[in-house]
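Chain nomenclature is as follows: A, B, C and D, assigned in order of appearance, with residue numbering initiated at 1 for each chain independently.
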Amino acid sequence: MNTFGHIFRLTTFGESHGPAIGGVIDGCPAGLHLDFSAIKRRVALRSPQNVVGATKRREPDNIEFLSGIYEGVTLGTPIAFIIRNKDVRSEDYADLEHIYRPGHADYTYDMRYGIRDYRGGGRASARTTVAQVVAGAIAEQWLAKKGISFTAFVDQIGPILIPDVPDGNDVDQSPLRCPDKFTEALWLDLLEQVRDEGDSIGGAVRCEIKGVPAGVGEPVFNKVQADLASAMMSIPAAKGFEYGLGMSAAAAQGTESNDEILRDTVCRVRKGQNIEKSTTPKVKFNTNRAGGLLGGITTGEPIYFRVVFKPVSSISQPQRTVTDSGQAVALQISGRHDVCVAPRAVAVVRAMAAITIMDQILLRN
Amino acid sequence: MNTFGHIFRLTTFGESHGPAIGGVIDGCPAGLHLDFSAIKRRVALRSPQNVVGATKRREPDNIEFLSGIYEGVTLGTPIAFIIRNKDVRSEDYADLEHIYRPGHADYTYDMRYGIRDYRGGGRASARTTVAQVVAGAIAEQWLAKKGISFTAFVDQIGPILIPDVPDGNDVDQSPLRCPDKFTEALWLDLLEQVRDEGDSIGGAVRCEIKGVPAGVGEPVFNKVQADLASAMMSIPAAKGFEYGLGMSAAAAQGTESNDEILRDTVCRVRKGQNIEKSTTPKVKFNTNRAGGLLGGITTGEPIYFRVVFKPVSSISQPQRTVTDSGQAVALQISGRHDVCVAPRAVAVVRAMAAITIMDQILLRN
Amino acid sequence: MNTFGHIFRLTTFGESHGPAIGGVIDGCPAGLHLDFSAIKRRVALRSPQNVVGATKRREPDNIEFLSGIYEGVTLGTPIAFIIRNKDVRSEDYADLEHIYRPGHADYTYDMRYGIRDYRGGGRASARTTVAQVVAGAIAEQWLAKKGISFTAFVDQIGPILIPDVPDGNDVDQSPLRCPDKFTEALWLDLLEQVRDEGDSIGGAVRCEIKGVPAGVGEPVFNKVQADLASAMMSIPAAKGFEYGLGMSAAAAQGTESNDEILRDTVCRVRKGQNIEKSTTPKVKFNTNRAGGLLGGITTGEPIYFRVVFKPVSSISQPQRTVTDSGQAVALQISGRHDVCVAPRAVAVVRAMAAITIMDQILLRN
Amino acid sequence: MNTFGHIFRLTTFGESHGPAIGGVIDGCPAGLHLDFSAIKRRVALRSPQNVVGATKRREPDNIEFLSGIYEGVTLGTPIAFIIRNKDVRSEDYADLEHIYRPGHADYTYDMRYGIRDYRGGGRASARTTVAQVVAGAIAEQWLAKKGISFTAFVDQIGPILIPDVPDGNDVDQSPLRCPDKFTEALWLDLLEQVRDEGDSIGGAVRCEIKGVPAGVGEPVFNKVQADLASAMMSIPAAKGFEYGLGMSAAAAQGTESNDEILRDTVCRVRKGQNIEKSTTPKVKFNTNRAGGLLGGITTGEPIYFRVVFKPVSSISQPQRTVTDSGQAVALQISGRHDVCVAPRAVAVVRAMAAITIMDQILLRN
């Protein structure tokens, strides 16, 4: 169960300190001219290099494409790619071979498989999300040709939220993927303080998708929001997903939740198969509390959603735990770890969103 | 894409005012003695009969099983069942044939399919969730034999939350599926007031699963939380999903989020295939902020999560909208509608949780 | 695992003597005007009514559609249908409750499930193929609009093969689905003789598909021939599948197997996604030994294949077997049984071919 | 659609002359100690090295495992592996860039994708089957621990069949994978003669699987024979599949096709889930015309089947064809090609059989 998607399908593999991590993309249409430097850029945004408060592990993350591409153009056959694990300091983990770290999947992997590669978290390491980012970057390139674009940024670290959602702000240069300079300064202070305490902190990522035409999605299972939720909850440390009004819908009334529908003069429509009806009304929505989705299907308005991430589990404060032989120990984790996962998760959220949307569009064409 | 699950798979079908709705369960193990009256009881809890603030539609919801069962015992072959649509007052909907109701899937279905059965919301009607409840009731019976149990209740309507989560409280008798008598009284007042305004209101459902052994789940995609999120976001009106600390994890620090691990003397373990390691440590968790899941796999602690539902879209206040020929109209919906969907959603949340857990357990056995 | 297909997906259910058999078709495009009498006709061709040498069981096979259709037009949502089991003489099977009939799945079902509905063969009964025929008839109607047509007929019963393959011959009126009058007479004699011996006999069905454009299929797994083979081997009693030169390819040389390619002036082509290449050569094949498939993908030439069926397992001659408590018994089967399954299998072969091709086309569009 | 299997799933990738070919195995149980030299041996048997009449291409076929294995033991996570393409003489194919070779997938790939990697046949090359052989070798090691074993050999080249099926004969040393010395001599003569003519020739492979317990398989779709047929028809050049009596069943009578069932004292049984029935009769079959399968489910007897392969399409005799710009040309293929594919296909047939059986067993456990 290491495959995501129905038509555009990503299978990932790899352990954090194994020979390589990577993925196979099946179902990417033929004829797409790939921009490899754009793929690299997106992968770099996930790497700890330019993120404040991130682990010091320095992987070059060189992506090697092995198949499915000829002279820079996709062949329609599976696109396999690998990233060798280079900056592996497994000795950092030697002490952890037999210890179940709180908040980590050490114990659950042992219960599930009876064996685990403890080095660097093995398969449970967030490092494996590089594969999602590569596939997402390819999906974005295909979707861009259809006028579909993605933005994602951190909108909360600890108790501090950004004041309002700016439009079209590029967060790639921000060390915390924050669209607001003032908030970013507050967060930098907060992260430093948390790190000094030997602690970590949670955060949230917001993503917006523009340009998806109305009529994409499945009506019962595999609704767009269901596939997005599944995609997001597959990201390590994700604890919650909401779209449109989200959690605040619980306290809202219908008049505050419904979007009135108005006539419009331009309207993006999907051409279905075998459908004879030729005229489609041109509508627009007065508001977009629905988050671009009604009944699991796109309305043509922007899709927006939010994912909450828990604090990084590796903290340097002492914690009580047990070894795999049942001995109680006090654990104090050293090594290279993020303080807050949200800034680096931005690239992964965006990638999984792109994979999900591309898959849903291909399901319909 | 009307199928949910990998091994225990539910395919549903049916429109609200068509001849019947129903489902096919594939992958239910042979030899399970079914308690049909228990299935009926769960289905009745979804029906508007005993729920205050629910639609006046009165379906008897007679379930007819067509296959997969011999003398009350499952055969291992597909279990098909149908529920005829009887109390159909399609004339209530005649005026709505060409109108896109705000908050409903009318417009998106037209964009997706170019045709729709407008009567009663067609396939988008929450009525279709009866099929999920039937399948969930069967899953619960199978899981009960393994010591796995489910509770679900409403924990929020509008801005009013229940004060704390009671243990083992049976909410089946409560007209709002509320575990707290005092809160229930407040909610009843609130619902009456909202109904008088011709409005509707949101709410939330909390679910808890006990007895799932450690070691169930998939580590990357199809994590338990990913499948649960997908299951919940497939329920009509769901806007958000969170488990464990959930959304509050964003503001938490690692020391407030990690669960310390302690030695234990009893421990439920999964027996894997081909795994030679014989000794497993007996551990328990000091807290359960993780919500019973680490790295997508169960810890053996209770799994708990929460789903937020938007206010019912059918409100009697006038709303601006357009017809399918593009004419602007003012819509005032009459007819039989819920004021708050959460009490009836309790049965569906619980059912989808049971389906998801049974599927995950079968994936591992 | 009672589902076939990737996009156009059929899930079937039902036991021979249970309340009903039926199916759910998911993924049928919206907007298809169904010809219900044509569906009935195809189902009638599978029924024993007009087939010589078939069981005397007389089911009316009334198909009730439950969903997915509004005013005769498909909605794009799941199409569920049931056929009630009416002419059930389960008492014929009372003696067989504990006996493992040779050639039947009685023993294997007991080993697989530990329980079985012995009446009429339960789920293993060929009666369940009615569901495939219904779905296949719908697929044919959709494919007919794209200029794709199907023919199927019996080409062998026992050692007697038809002399050559006629073109465009309608076998629906033939009691043995035989395109050749002279051969049919020989077969009728043979069947009578075999029946008199209390024995049964094997046969073969040939199917041809015309009008599928070049470029449909998957290149590695799920090649058109792989999906066709899987479809055909799922039909009860099928023992072999071959396409194009088939089994005789083993003895052929390359010069007798390759099809030379010539220039053509008309050519059916598939329009791919994102493919910029605009000019496609117009080719035709000098011969069609390939059976319309190269590398798993259609060439645009007719696809043809052949399926061999074993003799009916229910024979009235005495056979040694054991009961499910391990007692040795001599079994002499009475009751209503086919002598040769091939004539009735024609409708099923054709239906499964249509389902497979429709699915493959939808995979590509 | 480059994935095979339901639980034990193989995804393959790679073009013949691209950077690498390989695969990802998902669903292999944890705790399996791999014998890497045994994997190499099986891969070597597919390589042209020790096969008479095979291409002169000399790949070392070095398998590099990238994930899912720790200290030689499977982790339960995806096992990715690659084989670099080294002996690539793409210049041999330069002349073929724009030519549609008869019998090859050049034209159909162009119709399907609008683009193709012409070098060495790209994705359509039989070279890609190395990935299947690696996965099959791993499956065989897992199955061997359950007492399940595989044999496969060539039983026909051109019109010459082996006289009878020997038992337990090791064909790995035979240059034509022939279990009969005398027949092998005839075949060697035949191949030399065919090669001298600049032609190629067809053949067939027979495979037998012993030790699979009764009760494995799915009863409707995904019967064991359906999955086996799908697996075999996915191998390049396969034209037909038969099991048990196979094609000869068409001419047989029921008394010649049924297997009588006898009491036995030893019996391999499957332990199902939730099945209370404790006593199972001990039976054996007097004959095994069924090929070990009844109703899609194993009987406990050996499973045997046969696959026919067409003559190699690359022949040096001149053939008429056209270019991708529609020009008629006379093609004379030089380069390194097999004369008969059957001997090398033995390893692939056996591997796909192992993958299929392992998947079916995991589906049931």
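Everything below uses one rule, namely that a contact is a pair of C-beta atoms (placed from the backbone, for glycine too) under 8 Å apart; a residue touches a chain by one contact, two chains touch by 3 or more.
Being a predicted model, the structure only gives us computed values, none of them experimental.
Colleague: With a Cα-based fit, what is the angle in degrees between subunit C and its identical partner subunit D, given to the nearest 5?
Modeller: Superposing subunit C on subunit D takes a rotation of 180 degrees, nearest 5.
Colleague: Just grab the chain with the largest centre-to-centre distance to subunit B, centres being mean Cα coordinates.
Modeller: That would be chain D.
Colleague: On a C-alpha centroid basis, what's the spacing between subunit A and subunit B, in Å?
Modeller: Measuring from centre to centre gives 25 Å for this pair.
Colleague: From the mean C-alpha coordinate of subunit A to that of subunit C, what's the distance rounded to whole Å?
Modeller: Using C-alpha averages as centres, the distance is 45 Å.
Colleague: Could you tell me which residues belong to subunit C and also touch two or more other chains?
Modeller: Only 1-3, 12, 30-31, 76-77, 112-115, 123, 219, 272, 275-277 qualify.
Colleague: Can you check the complex and tell me which residues of subunit B touch subunit C?
Modeller: Going by the criterion above, the answer is residues 1-3, 9, 11-15, 18-22, 24, 26-27, 30-31, 64-70, 73, 75-80, 82, 112-117, 122-123.
Colleague: Inside the complex, what are the residues of subunit B that reach subunit A?
Modeller: Its residues touching subunit A are 1-4, 6, 12, 100, 102-105, 107-115, 123-124, 128, 156-159, 194, 197, 199-204, 213-223, 225-234, 236, 238-247, 249-263, 269-270, 272, 275-277, 279-283, 286, 290-291, 293-300, 308-315, 317, 319-328, 363-364.
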